[in-house]
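Below: one structure, written as structure tokens.
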Amino acid sequence: MAETEQAGDRLAALEARMCRLEDEVAIYRLLASYSPAVDSCDEDATTDLWAPDGGYDFGGTPLEGARNVGSLVHLDSHQEYVRKGCAHVMSLPLVSVDGDRAVATGYSRVYLYADDGWKVERVSANRWELVRAGDGWKVASRTNRLMDGSPAGRELLARGLHTDQEIPA
Amino acid sequence: MAETEQAGDRLAALEARMCRLEDEVAIYRLLASYSPAVDSCDEDATTDLWAPDGGYDFGGTPLEGARNVGSLVHLDSHQEYVRKGCAHVMSLPLVSVDGDRAVATGYSRVYLYADDGWKVERVSANRWELVRAGDGWKVASRTNRLMDGSPAGRELLARGLHTDQEIPA
Amino acid sequence: MAETEQAGDRLAALEARMCRLEDEVAIYRLLASYSPAVDSCDEDATTDLWAPDGGYDFGGTPLEGARNVGSLVHLDSHQEYVRKGCAHVMSLPLVSVDGDRAVATGYSRVYLYADDGWKVERVSANRWELVRAGDGWKVASRTNRLMDGSPAGRELLARGLHTDQEIPA
């Protein structure tokens, strides 16, 4: 009996560790889905990454609600990128999970095709606030700030580093 | 007895989840091996990533068979890149595993040294079809398409997003 | 009893596999922390990634000791990058773990803001030698070599590919 009880404790500990790792890899997968979704102009796939009331603040007027975020693939500016040839590429993010909420911090780059190779059109710091939903992790909010020497990008990165103290509730 | 049986079920569930995560991380590792292999002109290491009958369609005449893929490190075009200074860098891929087959979708970039910094020489969408072999995951086929505004790159990304419905058997 | 013993073996096997995966993801996390730390000029966060006697050989005079590594955020060259707008971005690394030591091999890029987009200022091969400490994985040494056509970068990548045979003791 004691052995069985001890085995039960070990199982429970393993299950908790498994959930923790699965969460982290699931969040990698979520971020790795974003780029193909927008670069192939897939409105539904983009929408589906966000929580219904989630938002995306990319530096201009923030998009509020998953459907508005998904509609970004039809923006003139996005269509112009796609017509020229673009790739939105995410870095390996720093992920902090706390129960049903998580934060991922990293960088995105937009590469844009020009006559002779690709131009690095945008380099941004990214903060993704994530929530666990019935069908997996969803984006509650994404915030981008250009790494152009202004303080906002650095501040966003600093928050990500010290995120354990302040995952939004 | 009931407890032992229940513990057995929990163990089996954990083992299945562990395999799933190990597969995903093993595929990250496979893709993270490709770049050092080709950038250090290591024919054997490159060959070893592919299944014996695997192929690589990089936009020109596809390379068929692991040995032909490995020999790409001797191509004049590759040697010229290496002489100038190049880095083939993969993005974090979106991985879908289905039993002994998997698909990874992401981006590759070739950075090429020029007099004053590095030029982004190529940005491609990548589709890696993978098979589980006796000694781990191997590449059954890799397909690259430039993100230069032509539809092929976008189509390849779209397939990756919707891969759960159609992992090749 | 036999069932319990067998369950104990399966638990132990799972625990070992879990540790292996957790190590790999923890090392991803360590590398994903570096970039926000230096790009936000966080000396303490940078220092904290290194083992107290760890070093960083970036091509110039190597920095020895975690405190010296952390102080790199105050270097004139770094401050000039930050003032202009920079992002240090790591690739998905190839990680080999052997007990309490590990090696991660990949690429770093420094993107630097210019008037019209970002310049790829540096592309380097990276070798991270890591040690398990009481509070997680720490950097024992990091070595960077520019991918500028000189052999040092290629040699560093080749070592990473064949690292299983020679993780430093």
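As written, the chains take the letters A, B and C, and residue 1 is the first residue of each chain.
Convention: contacts are C-beta pairs under 8 Å (C-beta built on N, C-alpha and C of every residue); 3 or more make two chains touch, one makes a residue touch a chain.
From a predicted model like this one, the values you see are computed outputs, not experimental measurements.
Different-residue interface: chain A and chain C share under half of the residue numbers found at their contact. Rotation relating chain B to chain C, from a C-alpha superposition: 120°, rounded in steps of 5.
One inter-chain figure worth recording: chain A and chain C are separated by 22 Å, centre to centre, where each centre is the mean of the chain's CA atoms. Under the contact definition stated at the top, the residues of chain C that touch 2 or more other chains are 4, 7, 11, 14, 18, 21, 25, 91-92, 119-120.
Interface of chain B with chain A (complex): residues 3-4, 7, 10-11, 14, 17-18, 21, 24-25, 91-95, 105-107, 109, 119-123, 125, 146-150, 153-155, 157-158, 160-162. The touching residues of chain C, counted against chain A in their complex, run 4, 7-8, 11, 14-15, 18, 21-22, 25, 28-29, 31-33, 35-37, 39-42, 45, 82-87, 89-92, 111, 113, 117-120.
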